[in-house]
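Below, chain A partners chain B and then partners chain C, in two separate complexes.
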Partner chain A sequence: MSAAVEARPTAEPRPQLRGKPTKERHGFRTFEFALMAPALLVLGLLSLIPFVMLIAMSFSKVKTLGGVSLEFAGLDNWTAVLGDGSVWASWGRSLVYFSSIVILEMALGFVFAVILHNLLRGRSVMLSLVLLPMFLAPVMVGLLGRFMLDSTIGLYAQLMQALGLDTDVFAKTSTALPAVIMIDVWEWTPLVALIMLAGLTSVPPATLEAASVDGAGFLRRLFFIAVPQMMPVILVALLVRSMDAIRYYDIITATTNGGPADSTKIIPIRLYEMAFRFNNQIGRAAVVGLTMLVFSIVLANIFVKVFGEKGAAHVTNVAGDKH
Partner chain B sequence: MRRRSNLQKWLVPILAVVVGLWSAVPIAWMLITSLKPQTAIRTSGITLLFAPTLENFSNLFFGGNKVGSFLVNSLVVSLVSTFIAVALGCMAGYGIAHWRSRHSKGLSFWIISTRMAPIAAVIVPLFVMFRTVGLVNTLPGLIIACLSFNLPFAIWLMSAFFQQVPKSIEEAALVDGCNKFRGFWSVALPVSRPGIITTAVLCLVFSWNDYAFSSALGGPNTSTLPMAAGALVTQSGIDWGLLSALGVVVATPMLIAGLAVRRHLVTGLSLGAVTGE
Partner chain C sequence: MNPLPNAFSRRTLLLGAGSTAALLALPACGGSSTETPTGNLSSGGDPWKQFSGTSINFISENTSPSAAIAANLAPFEKLTGIKVNVQQMDLDKVVEKCKLDFSSGTAQNHVIYADPFQVLAPLSEGLADLTPLIASKDYPPVEKGIEDFIPAQLQSLGRYLDEEKLFALPYDAPTMILHYRKDLFEKYGPKMKSDLGFDPTPGENTTWEQYFQMAEWFNQNAKSDVKYGIGCQAKQHDSLQCDFSNLLWAYGGDYFEKGQELGRLSSEDPGKVTVNSEAGVAAATFYKKLVKVAHPSSTTWDWTGLADAFVAGELAMCVNWHEFAAGEEKAFPGKIGYSVLPKGPVRRAHNFGGTGIGINANAKDKELGAAWLFVNWATSPETQLMSLGSKVGGGTPTRTSVYELPEVKAEVTKSPSKYPNIRTAPAVLEAWKEENIGLRPKVPQWVELDTIIFTELSKMLTQDGDPAATMAAMQDQMTKAMG
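Let's look at the complex of A and B:
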C-alpha cells in the first residue's frame, strides 16, 4: 500500500511558469491525452448521454410509440416508485439475493482454492476443469440449471428425489430464490477460487514452514498466517463479485423471470418489467435505475480507493513456489 | 508442509475431484444430452447408454430455426466490438497509465464506474436513444451496446497491463532517441502482447455471452446465439436436445479461448488488481 501513496501525484507542487520541470504535470495537450481522446469521446457518448437522459426521464412521462417524447411530470415517478411497497420488497429480495451470492461464493471459493492449493499433482488440469462454468453465457447457465433441476427429466432433480427432497424447485416460492442463487454460485464460485488461489500462492512458503516448525496446525497456519496476508486479494474478489452480482440478471430471466409470486423478482427484473413489459412505465424505470446507479457508484468508489492507484495491491507470484 | 501427511495424500485429491465434478457434471451432461436421440432425453430415468447422434445439431442448423444466421450475427457483433474496444482501449490505457495530472484519478473513477453501472439501468436510456436515431434492431446498434461495457473494461485492464511494463525498458527507449509514439508503438505494445490477448479474449467472452443488451436492443434481424436460446424456450415446451446442442455451440469457442489465456485470467478478471497465476 505504501507504493500507492508514493505514486500519488497530488502531493507535488504545481509547476506552472517554469520552463521544463523534470517532474512535469500533464495537461490536455499532450501525447498521453491525445491517445485517450478517441476512447473518452466514445465512452462519453455512451455513458454521459444515457446518464443525463436517465435523470431527465425520471422527471418525465416518456412515450416511445410514434417517436420518443418526454413530457415533464415533476416528481410523479419518484413518488410513485418510493411509495410502491412492491418496489421496496424487490429491494429487500435483492439484498437477500446479493448477500447470499456474495457470502456463499466467497466461502466456497476460499475452500476450493485451499483444496486446489494443497493438491500436489494435476493441479493445473483440475483448475482448468473447475474454471469451465464461468465461460458459459449466463443465460445458458440459467437454462442449464432448469434442465438439471427439471422435475421429470433433470439429472440433479432425480438425485434429489432419491434423497427424498422436493423437486419442483422453480415452482415454489420457498425454493425458487435459493435455486437461482445456487445457479449463480455454480457459475461464479470458480472466479473467486481463481483469485483466492493467486492470493494463496503469493504467501511465502517460508513463513508457513516457520509456523509449522513452531507447531502451528494446518488450520492455524491458514487462518492466522495465510489469510491476513491474503486480505487485499480477498477484498478484490469481494468487490469483483459484488459489482457483477448487481449487474447481471440473465440467470433469473432464463429460469423464473421473477416468479413464482414475485419470489425472485429482484430489482433489475422489476426495472426491466417497468421499462419493457408493462404499460411503458419508463419514467419509473429511470428512477429505479438511478437508485441502482447510486449503489454501484459507491462500490466503484471503494474499488478505485483501494485498487485504482498505481501498484496498489499487486500480488505478484513469488518465483519458484510452484509445486 | 514438506512431509506429506496422509491427509494430503488422500483427502485433498478426493476433495479436489469433488470440486471438479461440481463444475464439470452439468457441462458434461449438456454435452451428452446434445448427442442423445430425442427418445433418450424424454425418458425420466438417467440414461447413459444410447446411440450417439448428431440429429440435434442438424435440427439446430437446418431445422426451422435460422441458427446459422444467428451465429453470423454473434460473430459479427462480438468480433467487431472486441476489435474496437481493444484498439481504443490500448491507446487510452497507455495514456492513462502515463498521464500525470490531477484529473487522472477522477478519470479512472469515471471509467470504472461506467463498467460497473447496472446493466438494467443502462439499457433503458440506451433503448430510448437508439429508438431516436434508429439503431434498435441493427447490428451497429448491438456493437455500440457491447462497447458500452467492453470499452471501459479494455481501457482499465490495458492500463493495468501497461503499468506492469518495467519503467526501465521505456526509459531506455527514450534515451535511445525514441519519441513518445515509438515508445508506445514499438516498446510498450509488443511487451504487453499477453495482456492485449487476454483483454481481447475477455471482451470477446463478454460480448459473445451477452443476453441482456441484445434481447432489449436487438430484434428478429439481429438475433444472436444467446437470444436464440431464449427464443427456443418460449415456444410451447422446451426441446432440451436442441437447447443442449445450442449450448454446446455457444460454449465451446469461449471455453477454448478462455482456457488459452488461463495464465493471465486472474489479472483480467480482477480488473488488473491481482497478478500472477
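Let's look at the complex of A and C:
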C-alpha cells in the first residue's frame, strides 16, 4: 500500500520534463524571459563577454602592456598548440589524473557514505571528522602534503623510511603523480561522501524494508534498491568532482610545480604557464582554455546522458512496477 | 502575451557581447617620460613630507630585505607620513600580479620588485624611468648618489637596452656561493686530505671535480655526522636552472651567442642560442654526475628546500644563495663557512640573483611621488644597514658605502654576528667581480626559456636522460621560443 503512494511523488515530475516542449519555452519574447533578463545580463557580463574575448584572443596575437590589444593572427595559435607534443602529453596526464581521482573519490566516497549511514552511534562526530579535509583551502592541502612528505621534516616520509621505503615520492616520475592524486583524494573524498550520504538518506526506508522482507540481503538492497535511486545524486557528485578535476591546479603548484620531468604537468598547469608566466602567449592560452571548455561540456553531457537517463529509467520502472 | 515585442534575438545578444568585448580590447594610451609631481612644498617645507597622508602598495617576492623592511616601516612613516602596505609572495605571483597591473592601466601596486629577468626585461614598458625623479630638485637627493650602488649591479638590475634610462635601483643581491660545515671539515679534513690527495677546505683553488669527490667522500665516511656530502636545488623549478647555470658558465658555455653581455644592458638581438655547445654538454654531463651523489631528495628541493636540509644538518656542503646565511648562523653559530664556488675548466661563475625596485609606470601624481620617496628610502645606506641587522632575516647591501662602514667590517669575522649575512661578504665581494659573476640573459622570453631549461634538466636527472640529447632538445626548444 504505502510503496505505491511513496513512489508517486518522485515518478510524476518526469513526464512533465520529458513531455513535448511548449511554444512558450523557446524564444526571448516571454514574460518569464523579461523576469530573467536582469540576471541574464549580469551573467552575460560575467561569462559571455569573456567567452567572446577568449575566442577572439585565440585567433590573435595578444599584447597586454599598456592595455590589452589584439592583432589578428589567423590560425597561428591553434596550429601552435595543436601541433605541440608537450600539450598533448599534458592532456594525456590530465586524463590519467582525471580518471584516477574521479574513480577513487566516487568509490571511497560511496564506501564512507555507506559506513556513516549505517553508524548507529557517534554518526555526527564521525561525519564532522570525515568532512574536515574539505574545509581546508586546496593550496593549504598542497603545502600540508609537501611538508608531510618532505624527506627532511615530513612525518609521513619518516614513517615510510621506518618501514624501509626510503624514497621521496615527489622525486620520482613514477610516484609523483600518484602522490598528488592521493592528496586530492584525501581532500575531496569527504565531499563525495557527504553528497552520497544525502542520497542514501533520501532513499525511502520503507522501500528498503520491503526489500528486506522479501529476502534481499544488505548488498542486494544497496546495489539494486538504493544505488539506482541515488543516480541523480551520483550525477551531481560526478559533475562537481569532474569539473573540479579538469581545472585542478593548486595542489600540484604547491607540491611538484609540474615536475619531476613534467610528470605532474597536467593541462591547467600548462594553461597557467602560457597565460601568466610566459611572455605574449595569451592567445595560445586561450586555445588551451577553449579546448578545456569543450572537453568539460562534452564530458558533462556524457555524464548527464548516462546517469540522468539511468536514474530516470529506474524511477520510471519503479513507478511502473508500483502501479 | 508578449511583453517584449522588440526583444533582442540570440544573434543580437551574441553580437552585443562581441561588440562589448571588442570595446574592452581597445588599446590603452601609450606611456611617456616620467612626471615629477610635487606635493605640499609651500614655505620651504620638508621634501620628505610633501606627500604626507598618501598610501602606496609595495609588491615584493618574500625575500629577506622585504621582510626586514615590512617589519620596520615606522621610520619611513615617521619621516614622510606615507603609509606603505608591503605584500610579499612567491616570485611567480609577483610577476603574475605585475602583468595584470601593467595590463589594466592602473597602479594597484606602486612600488614593484623588479626581477631583472621576469619583470624588467619582459615588462620594462610597465616600469617608470627613474632618471627624471633622481634628477629633480623637488625630491630629497639619492644619498651618496647613484654612484654608490655597486656599478655592475646597477647596470644589471636597473637598466635594459637603453643606457640613458634607469628602471630600478638595486635592492637586494642574493648570489650563489658555497656553504659548508666548518666543524665537519675540521673533524674530517686531515683524513679527507690523505684519502683524496688535496686540501679539502673549500676556497679559491677548489674545483668542481674536487667538490664531487668530497661529496662522495662524505657519503662514504661521515654517515654518523651527516647524511650526505651535498644537496642540490634540482626540483623542476627556476632553482634547477640557477644551480646548473653555475656549471654551464664554469665550463665555458652560455645560453646565447652574446653571452654575459645580455645580463648587463642586454640587446634586442641576443644572437643564436648556444646552449648545445661542447661546453654545455660537458656541464650537463657533470651536473648529472653531481646530482647522483647528492641527497636523493635534491630533485624535490628548490633553494628553500635545500636551505632547510642544510640547516637540519643533513648536508656537509651546498651551493645556495648567500642570504640564507642568517638562518644558518642561527642553527650552527660559527660553524658555517662560506666560500666562492669551485672553478670549472674555464672559470668560476656565481649566479647573481639580485633584484631592483622600481615604480609602476601607471602610478600618477602623489602616488608616484610617494613611491619614489619610498624607493629612495628603501635603497638608502641607512635602510640597508637596518635591513642587514634585522631580526627577521636581513638583506644584503647593494651600496659600496655600507660595506665600508667600520661597524660592518668588524662583523665579518664575528660569530654570533650582529649582521649574520655579512659573514658571507668576502665570498660575495669576490663573486661580484667581473670575471666571476654569472648573469642570466635579460631577454623578454626568459621565463619560457627558463621553463624549457629546468624541464629538460629535470627529465635528464629523473629519467636518466642523455646529457647530449638533453642539451640538443633544449637548444631546439629555445630556438623555437625565440622565434
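Going forward, the second predicted complex is superposed on the first by the 243 of 323 C-alpha atoms of A that agree within 3 Å, B and C clash if a C-alpha of one lies under 4 Å from a C-alpha of the other, contacts with A are read in each partner's own complex, and residues count from 1 in each chain.
Here is the rule we use: a residue touches a chain if its C-beta (ideal position, glycine included) is under 8 Å from a C-beta of that chain, and two chains touch if they have at least 3 such contacts.
Model, not experiment: these values are computed from the prediction.
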For this session: Applying the touch criterion given at the start, work out whether A:T64 contacts chain B, chain C, both or neither, answering first, second, both or neither.
Result: both
Exercise. Between chain B (first) and chain C (second), which does A:Q281 come into contact with in this model arrangement: first, second, both, or neither?
Worked result: second
For this session: Give one of first, second, both or neither to describe whether A:A216 is in contact with chain B, with chain C, with both, or with none.
Result: neither
Exercise. For A:I302, is the partner it touches chain B (first), chain C (second), both, or none of the two (neither)?
Worked result: neither
Exercise. Regarding the shared-chain residue A:A137, is it in contact with chain B (first), chain C (second), both, or neither?
Worked result: first
For this session: Identify the partner contact of A:D262: answer first if only chain B is touched, second if only chain C is, both if each is, neither if none is.
Result: second
For this session: Could you tell me if A:T152 is touching chain B, chain C, both of them or neither one (first, second, both, neither)?
Result: both
Exercise. Does chain B (first) or chain C (second) touch A:F31, or do both, or does neither?
Worked result: both
Exercise. Touch check for A:V96: first (chain B), second (chain C), both, or neither?
Worked result: neither
For this session: Check whether chain B or chain C contacts more residues of chain A in the superposed model.
Result: B
For this session: Identify the overlap between the chain B-contacting and the chain C-contacting residues of chain A.
Result: 30-31, 33-34, 49-51, 53, 64, 67-68, 150, 152-153, 276
For this session: Show which residues of chain C lie in contact with chain A when the two form their complex.
Result: 1-5, 7-10, 13-14, 17-18, 20-22, 24-31, 92, 95-96, 99, 102-105, 122-123, 125-126, 235-237, 295-300, 305, 308-309, 312, 314, 444-445, 447-448, 451, 455, 458-459, 461-463
For this session: Would you pull the chain A residues touching chain B in the complex into a rising list?
Result: 9-10, 23-27, 30-36, 38-40, 42-43, 46-47, 49-51, 53-54, 57, 62, 64, 67-68, 112, 115-116, 118-122, 126-140, 143-148, 150, 152-153, 155, 158, 186, 190-191, 194-195, 197-199, 201-202, 205, 208-209, 212, 218, 232-233, 236-237, 240, 243, 246-250, 253-254, 267-269, 271-272, 275-276, 282, 285-286, 288-290, 292-293, 295-297, 299-301, 303-304, 307-308, 310-317
Problem set entry | Touching residues on chain A, where the partner in the complex is chain C | 28-31, 33-34, 44, 48-53, 56, 63-70, 150-153, 166-168, 170-173, 256-263, 273, 276-281
Seminar exercise, completed: Seen from chain B, its contact residues with chain A in the complex are 1-2, 4, 7-8, 12-13, 15-16, 19-20, 22-27, 29-30, 33, 41-46, 88-89, 91-92, 94-102, 104-105, 107-114, 116-129, 131-132, 144, 147-148, 151-152, 155, 163-164, 180-181, 184, 205, 208-212, 215-216, 225-226, 229-230, 233, 238, 240, 243-244, 246-247, 250-251, 254-255, 257-259, 262, 265-266, 269-271, 273-277
